[in-house]
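Chain lettering (A, B, C and D) follows the sequence in which the chains are written, and residue indices restart at 1 in each chain.
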Amino acid sequence: MQQTFRLVIDCPDQIGLVASVSQFLADHNATIVEASHHTDLQTGRFFMRHEISTDSLKLDHQSFVKEFTPLANEYQMNWKLSDSSKKQRVALLASLESHCLVDLLHRWHTGELHCDIPVIIGNHPQMKQFADWYKVPFHWVDFKALGKEAAFAQITTLLQEYKIDLTVLARFMQILPDTLCQELEGKAINIHHSFLPSFAGAKPYQQAYDRGVKLIGATCHYVTKDLDEGPIIEQSVKRISHSDSAADMVRKGKDCEVTALAHGVRYHLEDRVIIHRNKTVVFA
Amino acid sequence: MQQTFRLVIDCPDQIGLVASVSQFLADHNATIVEASHHTDLQTGRFFMRHEISTDSLKLDHQSFVKEFTPLANEYQMNWKLSDSSKKQRVALLASLESHCLVDLLHRWHTGELHCDIPVIIGNHPQMKQFADWYKVPFHWVDFKALGKEAAFAQITTLLQEYKIDLTVLARFMQILPDTLCQELEGKAINIHHSFLPSFAGAKPYQQAYDRGVKLIGATCHYVTKDLDEGPIIEQSVKRISHSDSAADMVRKGKDCEVTALAHGVRYHLEDRVIIHRNKTVVFA
Amino acid sequence: MQQTFRLVIDCPDQIGLVASVSQFLADHNATIVEASHHTDLQTGRFFMRHEISTDSLKLDHQSFVKEFTPLANEYQMNWKLSDSSKKQRVALLASLESHCLVDLLHRWHTGELHCDIPVIIGNHPQMKQFADWYKVPFHWVDFKALGKEAAFAQITTLLQEYKIDLTVLARFMQILPDTLCQELEGKAINIHHSFLPSFAGAKPYQQAYDRGVKLIGATCHYVTKDLDEGPIIEQSVKRISHSDSAADMVRKGKDCEVTALAHGVRYHLEDRVIIHRNKTVVFA
Amino acid sequence: MQQTFRLVIDCPDQIGLVASVSQFLADHNATIVEASHHTDLQTGRFFMRHEISTDSLKLDHQSFVKEFTPLANEYQMNWKLSDSSKKQRVALLASLESHCLVDLLHRWHTGELHCDIPVIIGNHPQMKQFADWYKVPFHWVDFKALGKEAAFAQITTLLQEYKIDLTVLARFMQILPDTLCQELEGKAINIHHSFLPSFAGAKPYQQAYDRGVKLIGATCHYVTKDLDEGPIIEQSVKRISHSDSAADMVRKGKDCEVTALAHGVRYHLEDRVIIHRNKTVVFA
C-alpha cells in the first residue's frame, strides 16, 4: 500500500483559499491522489481533503506541518495532516451479539480496514473466543459484579493504557456515561439498529415491527452524550414485508448493521469524515 | 385485460380453512391466477387473497357471493369479492406540487392504474391545467375564502356526489378533520415526504437536512385521524450526502414520493392490501 | 426452533389441486405455518410450498409420505417432504478469498444457517485456519500437484464420503468438470462476482471497470455444465462511480457476493427454491 | 436561479495544475459554488469541474475565455466554460411509449431540467397530444412512408433547423444511422431498457424474463454507432421475482428508465459529465 499524507481542512470559505493550498502543494512537488471539496452554502464553511502521494513530495511529515502552519493560521483552519503509514489504534467494544465484531475483525485481518486493533473489551466473556483466534487481547469487564460506574472506570483506564485513537461500539449495548462521551468526542463510533431518527432507544426492531414499517435499517454515528443523537456517518436500509417476523427483521437488520458500521469505521480511519456541528461531511 | 374476481379474506386461523375455500373454488371450476396466504403468528389471524379467472368459473358475482356466504360465516371471515371489470372511482386531491398528480394521471392514462378518475379537487386553482388535458372535472375549493370547515364540507359533498371509492391525497398539504378521517377509514391514501416515523409533521425535508441523515424517503399510508400514524402501505428511500442541499433533497425526495404513492394506490386498487390493526398485509 | 415439515410440490396446474392438498393437510390436523403458491401462466406449471408445524400433525414423516403418495401420483407431482430437524450436510469449497467462507461459517455458527458443515475443501491450504477454529475437518486438494482430473476425482470422493447434500462454491475459482456438474445438478450453488448475464467468465470486476458500468453486482446460481448459465437464485448490486478503482470495485463487490450467497444458500436449505427449466421459483 | 459559469476541464495530470487554475479563479475574484476533481490513476488523466458564481466575478464570459486560453494551452486542456443562463436546446425523439417523454416534459415544465425544448420528433403521430399541451412544436416523421434513409435525413434537417445542442432518444426505438451517430457524438443520449451490457439489442425485458434474472434495470448512455455500446452515464435497477410476468417487468422497468434518463439528461445539461474514451466521469 502506497504511503500517503491526508490533509484535511475546514475553515471559513474565502476567495484564494484553494489557490493558496494548491500552490503550497505544487511548490513542494505534491502529487494529489484524491481531492475533495465542499462548501456549505448555508454556513459559509469550507471543507477540503487532499490525499497526497509521499513519493514525489519534498517534505516529511514534520516539516510539512511546520511549513503549512502559517497558511493554516492565516485562513483560520481546523486542520490535520495524517500519515497513512501510522495506523490508528482501535478498540472494539462488544457484548453478546457477534456479527459486527466478527465482520470488523475479518475486514481488518484481510487488510480492508487499515488500523491496529490492540484490544477488545466485552461486557460478557463470550467474545473472547473470537479475540483469541485473531490474537487480540480480550478484557472482560464484568458490569454485573462491578456496577456500571466502576465498570466504565475500568474501560476508561483500558482505553488510556492501550493508547486508543478510535473506540468502536460494535453492538456494545451499554450506554456510556456523559463524561466518557465527552472525552471520546469525535473518537467513538456506535452502530444503532434502526434508521435514525426512527426508533431511537431500546428494542428498535420490535418498535419497527409494531409500527409496521416496510423498511428497516441501521445507523452508524459518532457517540455523544445525547443518546442516538450524534452526527450520522452512514445509514443502510433493507426492504421488509408483512411476512417478516420480528426475528426475520433482526436477521435482515444485522446485514444493515454490519455494512453501515464497516463503512463508517473505514471512512473515519481514512480521514474521510469531518464533523460540522451535529452533521458530517463524508468524502466517500 | 382478462376479467377476474378477487376474493380477499381475513379471519382467525383454523385448520381446514384453506381446504374449505379451495374446495369451494374447485367445486365451481375456478382457475386460480394468483393465490397469497399469510398467517400472523403473533395474533393468530389468517389473510388470504385469490385472483380467479372468470372464464371457467360457473358462478357470476351475485351467485358467488350468495353461495360463499355460509362458508364465510362459519369461519367468521371479513371478506369481499371484487370484480376487476368494475373500476373503482378515485378522487385525486392536490395542492401546488404537481409531481404526484401528473404521475398518477399518466399511469391511469396508460392503463397501469385500472380505475376511473371522475374528479380532481385542488385547494389552489393551478392544477386545473392538468385536469383539463386529461378531461377530468376539476374543482377548486378555496380554503382561504371559505375557511377550513366549509372547505372540507364542500370536499365531503364532492366525494359523495362523485360516489368516490378511494380518495388519494397527492401532496394535498391540508390536514383532514377527524370526522372526515373516520368516514374515509381505509379508503383514503396519503403520501408523506419522509420515511415515517422519522420526520412526521411539517417540513420533513428541512428536518432531514437539519438532522444530517444519509437517506431520505417517502411513505404511502392510509389516512387516520392521528396525523402520519396510519397503516403504512409502502416506503421508498434514496441515498443522499453532505453535498445535497435542502433543495436537492426536495428534488430527490419527489422521485421517492411518486414511486411510493403509485405503488400504494395500485396495490389498493388491485385489492392487495389488508389492514390489520395499525399495520398492513400487502400481497404485492 | 420449532420442528416443521416442508411439503414442496410442482406439477401441471389443475383445478382441484389446491383443494385436494389442503384437504389432505386438514384431515391430518396440520397447522400451516407458511404457504406459498405460484402458477407460471406461460407454461401452466404450478408450484407450492407448505411449512407445517409437526405439533398438531397426526402423521410422522414416513406415514405422511405413504399417505400422500397416491395424491401425488394422481396429480403427477414432483414433490418432497423435508423435515426441518434433519439438517442437510453442506460442503464448502473455497480458494484464496476468504470473505464468503468466513461469512457462511459465522452464519452457521450463530444458527442463521440451519445445516451441518462436515467438511471444507480448499484448493489452497490457507483456509485451514478458519476451518480449524470452527472445528470443521479441512481437506486441501492440491490441484497443482495432482492435476485437474485427479483433483476433482478426490473432491468427488470426499463429497460421497461425507454424504454431502449441498455443495457450496464459496469463491472456489475452479471450473467443475461436466460429469461432476451433472452429478450435482440442483445440489451445487456457486457465487459469480457479477450481475449475470453481464460479465460472465473470468475477471468480471475488470470487465466491469473497462465497460464503465455504474453498478456492480453478484449472482448466486446453481451450477450447471454451461459455465455461469445455471438457474439464478439471487442477485445483489451496488452503485459505483468513476472514482472507484478496480480495487474499490473488488471491495464493494465482496459485500454483494457475501449477501447474495448467504441468501441463496439459506433459501435452498429451507426448501424455498424450486428449479423450473433454467429458472427458479424462490418463495423467499 | 443564480447565474453561474461552469469550467470543465480534462487534461494530462500535472503538478501545479490545480494551483494555476485556482489562482486564476482567485485573481478574478471567483466564488466557487462547487468544485470536483478526479484523477484517473490508470491513464494519468485529470478531470475538473468548477461551478463559479458570477456575482463576484470580475470577468464576463468572453473575457474569461480570452484570459484563460493561455493557461489552457499550457496544460493541453480540453475545456469549456458554459454559462448557466444560456439554456441548451434539447430535442426529444419519441415513439409510442410515452413514459419517458412525459416525465422529461414535466421535469422541464417544473424547472428541474434547465433547458429549452424547441421540438419533439415522433416516428408515430400519437405523441403530438403531449407536445401540444406543453406548447412544443411536434414533427411526425413517417418512417413507413419515407423509408429509413429519407426519414433520418428529415430528422437531421430538423435538428439543424432548430439548432439543437442535445438530442434525447426517449424510447425512440429506431437505430440511428452511423453518420448521424458520428455527427451527434457526445450530444445524443439514449435510454436502453436493461442494465447493460446485459440484454443489449431487441426485447431486453423478454430476454431478462427468459434468463430468469432477479434484477431488471435501465441504462442511460451516449449514442455511438456501436449499438448499446456507448459511454454509460447512469444505471438503475429494481428487484423482481418469479411472480413477475414479462408484463410486470415492463411496468417495473419503466420506473427504472424514467429515473435513469432523467438523471442522465440533468447531469449532461449541468455539464457534470465528461466522456473519456468509452467511459464517463460524472460529477453528480
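Convention: a contact is a pair of C-beta atoms (placed from the backbone, for glycine too) under 8 Å apart; a residue touches a chain by one contact, two chains touch by 3 or more.
Labels paired with UniProt names: A, B, C, D = Formyltetrahydrofolate deformylase.
Treat the numbers as computed from the prediction; the structure is a model and nothing was measured.
Across the two candidate interfaces, A-B and B-C, the one carrying more C-beta contacts is A-B.
Ranking all chains by how far their C-alpha centres lie from the centre of chain A, first place goes to B. Taking each chain's centre as the average of its CA atoms, chain B and chain C sit 37 Å apart.
Taking each chain's centre as the mean of its C-alpha atoms, chain A lies 41 Å from chain B. Shown for chain D are the residues that touch two or more other chains, namely 34, 41, 243. Note for the complex: chain D touches chain A at residues 15-20, 22-23, 25-26, 29-37, 39, 41, 56, 239. Interface residues of chain A facing chain B in the complex, by the touch rule stated above, are 38, 40-42, 47, 195-199, 211-215, 217, 231-235, 237, 241-243, 245, 278-282, 284. Every residue of chain A that touches chain C in the complex is listed here, in rising order: 34, 98-99, 102, 106, 110, 112, 133, 243, 251, 255, 259.
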